[in-house]
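Before anything else, here is the set of structures, which you'll find just below.
Common to both upcoming complexes is subunit A, partnered first by subunit B, then by subunit C.
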Partner chain A sequence: MSKVNQMMKNVLKKFTWNNIKQAMASREGLLIISIFIIVGVFTIIDSVYIMPRNIVNILEQSVVNGFLAVGITFAIVLAGIDLSIGSIYALSIVFVSKFLVGGMNPFLAIGLGILVGAIFGGFNGVLISKLKLQPFIATLGTMSIYRGIAYIVTNGNPVLGIPTEYRQILNSNTFGSIVPVSIFLLIAFVIFTQIVLKKTRPGTYIYSVGGNEESAFLSGIKIDRIKILGYAISGIGGAIAGMILLAQLGTGEPIAGSGAELNAIAATAIGGTSLAGGKGSPIAAFLGAILLSALKVGLIVAMVPTFWQYVATGAIIIVAASVEIIQKRLKSSTT
Partner chain B sequence: MKKFLSVMIMVFAVLSFAACNGNQKDPIPTADPTNFNPDASSDAVNYYDLRDQLGAVPLLEGSYTFGGVAKAFENEYWRTLKTGMETGAAKFYEGGINVTIDMRSALGEGDQTGQLAIVQDMITRNYDAILVSPITDGNLVPGVEDALEAGIPVVNVNDGIVAIAPNFVGPNAYENGVLAANYIGEQLNGEGQVAIVTGMSGAFAARQRTLGFKETIEANFPNITVVEEQTANWSREEARNLANTWFTTYDGSTPEKTLDAIFCNNDTMALGVVEANEANDNVDPIIVGVDGISEAYDAIRDGKLDATVDSFPLFKGQIAVEMAIRILAGQAVPRVVHTPQALITTANVDQAATDIIQWTDPQIQTK
Partner chain C sequence: MNEYIEFKNISKSFGKIEVLHNVSFSVKQGEVHALLGENGAGKSTLLNIFHGVYQDYSGEIFYNHQPIKFKSVFDANHHGIAKVHQEINLVNDLTVGENIALGQEDVKGIFVDRKKIDKKSNDILDELGCSFRSRTKVSSLTAGEKQMVLIAKALYSNANTISFDEPTAALSNNEIDHFFKTVEKLKAKGVTILYVSHRLNEIFKICDRVTVFLDGSYVNTFDAKTITKEKLIHSMVGRNVEMFAQRKMPKLYTNEVALKVENLNKPGIFSGIDFEVRRGEIFGLYGLVGSKRTDVVRAIFGAEEHVSGNIYIGGEKVNINSPYDAIKHGIGLVPEERKSQGFVKVFNNAENITLTDIGRYINKFLINDKKKNSSAVEYIKKLNVQPLDSKKMTATLSGGNQQKIVIAKWLHCNSEILILDEPTKGIDVGAKEEIYNLLEELVSQGKTVIIVSSELPEIIGLCDTVMVMSEGKQIKIVRDKFINEKEILKYALGGEFDE
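Our next item is the complex of A and B:
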């Protein structure tokens, strides 16, 4: 008995308050802890939550929102916003559907889909940098224009008959059909964008422009190019999200993704990216998207009445955002 | 940078061309199994006929849990459908069939992925049948695929239309428009100018109601012309603004500038038009909606709204539950079951719904 006690004490020693505080002082560590808490709480409420089927469900949902969130992170780090990301998402869906139904090779269609995202996203960047429009206004405008194009291209009707070949590429499961393949695509996208932001010169410039445009300009950074690049990447995030949804649904709907920009912003904010710009990371946005899906699915599994789900979701977003402040205090107390 | 811009514009042009071109070369064949229109289905039966054909509801042994997934409880229509399904389950429970229903909805009509998550949860819980009213034609497709794979029957109630669902229960949306057109045509003595306020572009109900209305006007009332057709996205506010604009253009000064009737794809929009009409003294249009929500009934009593086409969600919900029971009992339920609908005007607004559609509860087999 005393041996067991000793062991317990040893284990507990490792989980000292300081260790926990250190983990919590990094945003990513805190997010991972929060995700585990959410999973734990909902599993206690109903063990259905931890069943493989349900985990797949959470992951599938967070993949689509994850791509959007990682994309929009670039606009937000640039001290901007991309309200049109949900419309770019719809554009990639309808263009790629049309390509596929027209008999195009799926891989070529995916490539062109990414191009669609880069072009329409890049166009936002052009409006913001060349015409000096406020990002909120510019993308509010293109949100409507792009949605309109999606309706025009399809005449408002869903595009049917998406080849299964395409659906299998982006929507199959591995590891005992538990883990959706698309989650690896998202992880790859997160790693890629994280490297771009943290390790390359354009990435550093994105932080500088977002943090202080004036001084970035004075130090000779070509601000216009950086902005166009940032919004193009945001568009690419939207486009890939759309292509994955298309594979999941098997129907190309021009109406898809209306309101998706708000979910993406929520995930990014939960991830701790400041809307003031100059801060934030794709990894945090990715974790934010997983947290949000875990929560939303959790509320459904826990059978929270529909109208209360709105209240709960909003409350969690506010709590997550206020963690920023608590975290700063923790940081100052550990050092 | 100019170079970059011109390249972008060129690529965009090529893309749009490719997209449009693909469409012309390869039109989607109407026989495509994924392109399904319940209004035009050859395997469609009227509910009362089916009841006569199949007889009393089989007395199912064992206990059953159904899942019902509505679009959004924010809208009265879906709350009524919920009550209908719950009423249906309760009646069958009293009749000796041990069935309960878990009714849920998405967070608003924009929450496409949330609605899918509900279906997934119901599959995880191994429900015995799932009754879905999808937000769009596509958003629940993966869920329906999974349910069918797990051997759970899926009944598509109302729109959106899930092409792969084995059964559809709902009103004939085309017929909604036909009823409205015939009423308006008769009221106008076959002459005049009418406008249409349509629902969200691409939505099945909006397409079919508008089509039914226009084709009926064209066929039965050649002297009535449809002069305006605009969308108000199912929104009361947008419909009101739209009608206000029309009332400025159509000020009744000449015969070309009159508006004799406005058909709205749902009641919410019709009530928006009613509101605009209150402030308009120039023309006096007949206003007709679709759905039969309680506010529309009140507006008909007050003489502000002329008519609505009610598809009785309270009874539709009960019919949907009945069909799920029949399917589980192994009866052959046709691909499409059309539920009752009726035109409501001042003449029958205070009549009981059970009289209007001559409803009696279905018989249940006894042991």
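Our next item is the complex of A and C:
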């Protein structure tokens, strides 16, 4: 018993003001604290908010946006943007629907879906690196082209008759059948991409190209390849998001994901990824997506009128952006 | 003729580095007065002070016997003092007339009086002998015509004094002739002209007097009509021995050719570059503004497009089409602009040092951060980077320490041939000395060093061989005991009419 006491004391000792300041000086730490504050506030307003079912709901709602936000993080770290990610999301939905309805093995269809994301995303990278187009313009163009292809493939109609077998792979529940498996898929994707960015050669190169392209070029890095890779990963994020939505809905809607790119950018911005490039992480984007859906669900629970929800979402983006400046001060006061 | 512009005891520092020391001289009304000196001698800084770009200097300036201190270039314009910049800056999408009148538009009520602007602009353009009109789009003009627009802009604001900074650098031969005629016309109108150039033939052709600067100090003012080229160059040299970099271990080079460059060309930029560098040699590349030395080393490093010619390393012909290829063949480049080219701002020291050869720390796809950091620490210690911290962001270090990180990057990937472009630009004396020692140590290990520099004391003190360039051409290769200020400056200044 005294051992437990000792441990508790040690844990409490760590909660000094300085440690909290240090946690707040890292973006991820600050995001986690902010999420706890949001959860706390809405729980006080209505204790329904803290019920496991609601927490699962928050997580589930952040899955699709989480995949998109993690994907787009790669484009933004490269000092670019991927406006076409919502259209790639739709493309993966319609292609995978067609594959499945055509009787393809679900696992093979999922593999091909990822390939669809990599190809269309990689094509963005080709436009940006080989043709030297500005990322905003290039992906604005492909956003429309890819959306068009999604409509052409389906003739504008939803694809019906998605096999249950497929839906169970991506949309079944675990843990007493309340926690959707898609949450774990997202967490796995976040960990995988975080390791790629922080721990591998291509990841290091992505940060260097985004941070200073000229310097990266003069360091012998093949800029074009790195950009194509980054945009391909962005496309893969979009494709997986699409496949999960398809499993959730059971119909392949070519219209899905219009405006989804803006939600993804919002989550990434809240995560602190700078549009100037060279900064940001998948974990931060993931936390940004959770924060956004915690807020949205909270506003519904608190019965705030819909129109005000838009105002709140916008305000949180602006607050998140201004936090950077406060953080810099905290950093200089702890070191 | 009276003393129209008088500079009295002008001094100016950037941080710890003093770039102008107690400069005093005067300019007469209506003369064309040349300012001459090497790169970094202080000519452009003095002009910037005169035009109100810098206000934090010591000393006084009198203009027509009145003390002046302008708040901005715009403020100077209001007082009849105009500047024609080194880089031509006009709004390309506007017309000639709109550019000429920009910031000083004639108005009728609340509207811009375009008719009046066009009339006034066209009159000035006629006077300058220009064939384009006020309504011509600036984007359709050549470099020389754009410069005429800038001169017209100065006349539109009734400028009494115009300064030119390297005005002929971007012009073709025909345009240069037209420009000289224009200068004559301005002079005839009584306009006083300050003229920064290192092209001696131009100075002799159009200037009345010439003031020489050396390392931020005033040397002398001469009558351009009577002084000889020989005497002028003589006045530009004469540093004390202790001002030169000192080699502790001279002549370490072997007979083995480490790098051979054969007939390197880049159309419109440089041509006919041909030289050999021996193993263990410190090879210098010297040239003044517009000599294209940086383009040559970037071409060797594979960072320029449309380059022809052959490169041999250790006697073998190699194909270099990108920095990636150059690095594979053992070449490293410390680029001219440290902050924008040398390192990645969002990276710490360890990340910057290991970037080019991160593969060394990869085990099964993952980077071993511990190994990476401990290896970076070795280089940081070896180069005495302050603070000794591999996780410090490179961007927060001083200039000298940043440069050490950029050099460490190439030591880390074991470059056999290290090219350094302006290695000590904006670096304090202590760090300079350390970098010089390091370069000597490298050649003593049998590596090869190429330095591009504007600083003669550095080039003369360190190099075994110096190649002098001017206007994109290789003028002369000077070796060992023939290397001195006068010899090198002679080729750098007068190359074009000596050959």
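What we mean here is this: the second predicted complex is superposed on the first by the 320 of 335 C-alpha atoms of A that agree within 3 Å, B and C clash if a C-alpha of one lies under 4 Å from a C-alpha of the other, contacts with A are read in each partner's own complex, and residues count from 1 in each chain.
Throughout what follows, a contact is a pair of C-beta atoms (placed from the backbone, for glycine too) under 8 Å apart; a residue touches a chain by one contact, two chains touch by 3 or more.
Fair warning: this is a prediction, and the values are worked out from it, not measured in the lab.
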Open item on the list: Under the superposition described at the top, does placing subunit B and subunit C together on subunit A give a clash or a fit?
Closed with: fit
Open item on the list: By the touch definition at the top of the document, which applies to A:L115: first (subunit B), second (subunit C), both, or neither?
Closed with: first
Open item on the list: Quick check on the superposed pair: does A:F192 touch subunit B, subunit C, both, or neither? Answer first, second, both or neither.
Closed with: neither
Open item on the list: Using C-alpha centres only, what angle sits at subunit A with arms pointing to subunit B and subunit C? Round to the nearest 10 degrees.
Closed with: 120
Task: Which of subunit B and subunit C A:Y310 touches, first, second, both or neither - done: first
Task: Which superposed partner A:F136 touches (first subunit B, second subunit C, both, neither) - done: neither
Task: subunit B versus subunit C as contact partner of A:F107, first or second or both or neither - done: neither
- [ ] Considering only touches as defined above, state whether A:R53 meets subunit B (first), subunit C (second), both or neither.
- [x] first
Open item on the list: For A:F36, using the defined touch cut-off, is the partner it touches subunit B, subunit C, both, or neither? Pick first, second, both or neither.
Closed with: neither
Task: Residue contacts with subunit A in the superposition, subunit B compared against subunit C - done: B
TODO: Could you tell me how near the closest CA atoms of subunit B and subunit C get once both structures are overlaid on the shared chain, in Å?
DONE: 15
Task: Set intersection of subunit A contacts, subunit C complex versus subunit B complex - done: none
Task: Complex contacts: residues of subunit A adjacent to subunit B - done: 48, 51, 53-54, 57, 61, 64-65, 94-95, 98-99, 101-104, 112, 115-116, 119, 122-123, 126, 130, 151, 153-154, 156-161, 224-225, 228, 248-256, 258-259, 296-297, 300-301, 303, 306-307, 309-310, 313
Task: subunit A-touching residues of subunit C, taken from the complex the two chains share - done: 301, 303, 322-324, 326-328, 333, 335, 340-347, 351, 355-356, 358-359, 362, 365-367, 369, 409
- [ ] Note which residues of subunit A are touching subunit C in the complex, please.
- [x] 195, 199-201, 204, 207-208, 210-212, 214-222, 278-279
Open item on the list: Applying the document's contact rule, which stretches of subunit B touch subunit A when the two form their complex?
Closed with: 1, 4-5, 8, 11-12, 15-16, 18-23, 25-26, 28, 32, 34-35, 72-73, 102, 104-107, 110-114, 116-118, 120-121, 123-125, 136-139, 141-142, 163, 200-202, 207
